[in-house]
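In the two complexes that follow, subunit A is the common piece, with subunit B as its partner first and subunit C second.
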Partner chain A sequence: MIADTKEIFENYATAKAFCLTSAFWMMVATFYGLLGATELIAPDLTANIGGIVFGRVRPTHINLVLFGFVTPGLLGSAFYFIPRLLGTPLYSERLGVATALAWNAALVALVATLAMGMTQGREYAELIWPIDLAVVAVFALAFFNFTMTVARRREKILYVSVWYVLAACILTACTYALGNVIWRPNTGALVGIPDAILLWFYGHNIFGLLLTPLSAGVAYYVIPRATRAPLYSHTLSLLGFWSLIVVYTHVGTHHLLQVPVPTWLKVVAIVDSVAMVIPVMAFLINIWYTAKGKLGEIHADVGAKFVFTGTIMYFFVSIQGSFMALPDVQRVTHFNNWVVAHAHIGVLGFAGMIALGGIYYTIPKLTGRPLFSRFLADFQYWMVLIGMVGFTIVLTIAGLIQGNAWLNGETVYRVLPEIHVYYVTRAGLGLLIFTSALLGFYNVTRSLLAKRGAMP
Partner chain B sequence: MYFPYFIAYIAIGLAISLALFFWALKNGQFQDQQRARFLPLRDDGGVQPARVSRWGRLQMLALFALVSIGLAASAASLLYAAYLRG
Partner chain C sequence: MKMTPLAVIVGSVLILATIVFVVVILPYADTSKTVPSGIFRQRTSEEAAGRATYIANGCVYCHSQSVRTIDWGLGAERIAQAGDYVADHPILLGSQRTGPDLSQDGGEHPDDWHLAHFINPRYTRPLSLMPPFEFLGQERLAPLIRYVQSLGLKDADKRMARQHFWKAEAVKAYEAGPDANVAWLNAHIPQGWRAIPNPYPTSEAGLARGHKIYQDFCLGCHGPVGDGMGPAQPWIYPPPLNFTILKNREISGGILYYQIMNGITGTAMPYFKRDLESEKIWDVGDYVAVYFINESDANSEPRGIDAAYEP
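Presenting the complex of A and B:
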């Protein structure tokens, strides 16, 4: 028994637990997304079922995608590659597994409380205080485990992926606590405009200081491995890392250009949003030059294919982000479905793709066997890609219709029939994504738990 | 009044960042960058590279076609915004 336990905890148990967590919650999260999209075309569908009305489904979808699917997927890879990059085992697999269990308990509580209408009512920061504490705690535990592993390392130099993962964990613990006004348990909020500023400081940083660095960390590991080529420039990668830390922290206020926020803060947000081109291009040039001439190798490895596609989406979403921070562009593109399209490219197209890629790249290394089905993973890749590009197109069109209408003073009820067809298409694409999550969960579970893999 | 929160966050963040940066500088983290490039490949273990297939290249072309459509949609929205402004 003792020997069995020892074997389990020396066998990347933490990485496996986080991969499984991600695959499971991707199913739940995308189901909630599909449900929400369906409610937008059939508003009375769940009219008498309080737990799943749109106002409760949307925050559940968002929080589950963020903390249930994408972050655990990226951490699953990180718990594999950080010990390897440092030349030492993870500080504590027991602590890692305990973190994964606590993480899942927090996610169950998240779904239950939001379904019961227990919310702090702030976009992206809906979770109630006890769950806020749990989220901060699990990030702190992950950070502690990584930091202690760094302290025991046998490799002197910290590869850039290690920097990114450590930064993501500690910055998120701090940003989450601040953005959720954790020192005010009853409301979890300030009052008025200051609260809006703080909320968007949090809302944008949860993408920029959690998903972005974790995704960059995974890409910086997977792409050189898959191409069997050294990183193009480690110095450039460190420049990208430090500039991301400096620039990204202040961009959130570009969501508040139309409200009475201090002008200096708007200027800082716009300038930094445009300056994001520095860390973004430092990362992309580095990854793409590493992969130069080796695209065949990347596409031959399904994990690397997901990751590389994620980097292309990163280019796309970052260019959009820099442009949409400009007031003239925002007059048409803000407060409508254009932003929803932008968010889906970022969270699903960039971070979600890289999370899935990290999982599919890592699992064969964790188990010592090939994936249960390379075909299913490939199939999921195309479903996610087509669904995500489809989201981009239909939501961008719907957003422009809405933006144009509101700019010209048209009333909402005249606009809704015009965008109905795009909402229907969006729900159809959501079904594609949900189905892909089912396939992915089956594939990941069989790959991790079955005795033998079955290629291709 | 929100300034105290931001000032505290910026001050603490700056202090930690600077401390880490100077630790990295003193610890030689910015030296030997050529070797750092190879760190992910260190335990390669002689694994054979994955086989490149024609199907893979076709998938790559399809991928770029899809990405181009997405980029075109984004460019159209920006041009439309510029048109409305004009």
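Presenting the complex of A and C:
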């Protein structure tokens, strides 16, 4: 009986499946990004291949990054640390693996349907109804598995990472269903201005209630473990957790400041966007004070290095995000590549870095062996970091050129040649990120699948 | 605070529910009763089919439909009102402007310009980075063009009526032969403009700038040698003007300037006053006059007081 439990406990099939899922879809997602970036500099290169026309490539890239690469990566480590933190095996590894399989099936369907032009046409909510149902179902299944594990826990106290993972799964299941207007299967949309308000409420919650809490959960686990230091403050954990849910959910309308929506709603969105400083700094101070004086330990563990870098990017993207919600700033930044740069700091620099860090921190614990190659993981770290920072620089410059030129009365068409060179550089950096994903997949696969004893 | 599973799960769901009430349901109560604006009308079934094609191919990722108080350029004649969107299901505001805003695109160009543009956007707009949509085929391009021509609704309908009227006139003039066509074109330019020569002297630098403008804006229709045989030509009727027949037909610098600035509604010739400032229009006009017409009136009388920069 005990041996049996121990075996399941050390098996971690679900965590492995999600890590592998993330590493695989990171390749596909970044390939789509590279393809889209290439099409913007050479639009006739893929002329008249309907399945990969830019307008279908872009949503595929975004959905795969969100739901194929980052979310499964973060869940991969969660399926490891939740049982560890609760002192009990996962409620059902079989259910967990089934969830991962369903997840992958949904991702395949996502790529196929978007390539065929089957889309509901709303950013982050493109997927057609059957896939929407599948996404809600997999979040619900993950939530069920985690909750049942919590119910069987042997450790009485719930650590902050557990709060974040539970909240992320249940709140995302709710807002995903709401934001995709799941009660209207044919269109998945409301009509007119209310549709825009609901869409951006949901769209921003993908970051606020899914990527951020899962990333915070991973950081709260990895940083204290890697530095062998107790968490700095329980009070800050509480403040960060509750204020995140209260504040982040109010900000969606900052995407609509220049649109005729009710002014009071814009005021709410702007005020809460600035107030985002509270959950962000509560989390960061907590993590950074925990790691204070222990950067050597963080450098020694490549997973922790990814995660810690992700927290620094969280600082930049969040402060920038508060700034961008100010109407005067948006006069320049709205509708152009500044926002694309912002999105890449957030999703690749923050959540993506932490997802990768969680995977690399967790895999040696899952297998009981070191990583196949620490060097490759470190190499990937630098490729992602340079690529991401490079994206930020060139796309921010391109955005400032566009925004200021438009404000000055130059037409969109006139500005295209002015940003061409930045688009070329961006595609080059995209190649760097895509290559890093190939190396990462090789490393993760060799680390997870090598037979016991096969290693030297 | 003791964080029990119940506190975490029920607490966070209750907070979410409260916030949904504040930032989704209250605004819904506020905005769902929006009355249609003055330009609103329902779309025809063909326009709706075109909109479905627009959505399926992700046009929304590069084209906003959301004109702001700070905008210039395409569509900026009207700032968006909530009542413009009352039938949009889903709403297609967009989040990026890699291409121009299309809120008021209906009637900006005749249908044949759009067809050439969809076959390959660089045929009509050489700097465009939009993908070619020839793969959609006529059966999906036709409704798509109807949708694009409906953007702006009642305002678009007025512009389309203007396009149809002048298209018929332009075709009649073209079919009457080159002499009658040029006479018709000139006759519709205000007398004041017809009498003005290009007031600035021809210079090597000015021709080089004009050459660049020509390549970026004109070459797709009028062709690299100005004979009207650019790649867009097969899709456009009346076809692009052949500049090489214009010698001795009283084409002044002012006529060229006016046609570039204002376009020729009804034909595929767009107005360029939003894309090009004054000096650029004079430069490209003189480039056409010198190289393709082989007859430039640059710097001839009456030219007024010479500009300060002239050598």
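In this text, the second predicted complex is superposed on the first by the 441 of 456 C-alpha atoms of A that agree within 3 Å, B and C clash if a C-alpha of one lies under 4 Å from a C-alpha of the other, contacts with A are read in each partner's own complex, and residues count from 1 in each chain.
Here is the rule we use: a contact is a pair of C-beta atoms (placed from the backbone, for glycine too) under 8 Å apart; a residue touches a chain by one contact, two chains touch by 3 or more.
Everything numeric here is computed off the predicted structure, so don't read it as measured data.
When both complexes are overlaid on subunit A, subunit B and subunit C end up clashing with each other. After overlaying the two complexes on the shared chain, residue contacts for A:16 are found with neither subunit B nor subunit C. Between subunit B and subunit C, more residues of subunit A are touched by C.
By the document's definition of touching, both partners, subunit B and subunit C, reach A:238.
In the superposition on chain A, contact is made by A:221 with subunit B only, not with subunit C. In the superposition on chain A, contact is made by A:198 with both subunit B and subunit C.
By the touch criterion stated above, A:266 is placed in contact with neither subunit B nor subunit C.
By the document's definition of touching, both partners, subunit B and subunit C, reach A:249. In the superposed model, A:56 lies in contact with subunit C only, and not with subunit B. Of the two partner chains placed by superposition, only subunit C is touched by A:151; subunit B is not.
Of the two partner chains, subunit C is the only one touched by A:339; subunit B is not. Residues 157-158, 160, 174, 178, 190, 194-195, 197-198, 201, 238, 242, 245-246, 249, 331, 407 of subunit A are contacted both by subunit B in one complex and by subunit C in the other. Considering their complex, residues 1, 3-5, 8-9, 11-13, 15-16, 19-20, 22-24, 27-28, 30-32, 34, 55-62, 64, 66, 68-74, 80-82, 85-101, 120-122, 125, 127-136, 216, 274-275 of subunit C touch subunit A. Taken together, the subunit A residues at the contact with subunit C in this complex read 39-41, 43-44, 46-50, 53-56, 58-59, 117-123, 147, 150-151, 157-158, 160, 162-163, 166-167, 170-171, 174-175, 178, 187-199, 201, 209, 238, 242, 245-246, 249-250, 252-253, 255-256, 258-262, 265, 268-269, 331, 334-336, 339-340, 402, 406-407, 409-414, 416-417. Listed in rising order, the residues of subunit B touching subunit A in the complex are 1-2, 5-6, 9, 12-13, 17, 21, 24, 27-30, 32-44, 49-53, 56-57, 59-60, 63, 66-67, 69-71, 73-74, 76-78, 80-82, 84-85.
Every residue of subunit A that touches subunit B in the complex is listed here, in rising order: 81, 84-85, 87, 155-161, 174, 178, 190, 194-195, 197-198, 201, 220-221, 224-226, 228-235, 238, 242, 245-246, 249, 295-297, 299-301, 305, 309, 312-313, 316, 319-320, 323, 328-329, 331-333, 338, 345, 385-386, 389, 392-393, 396-397, 399-400, 404, 407.
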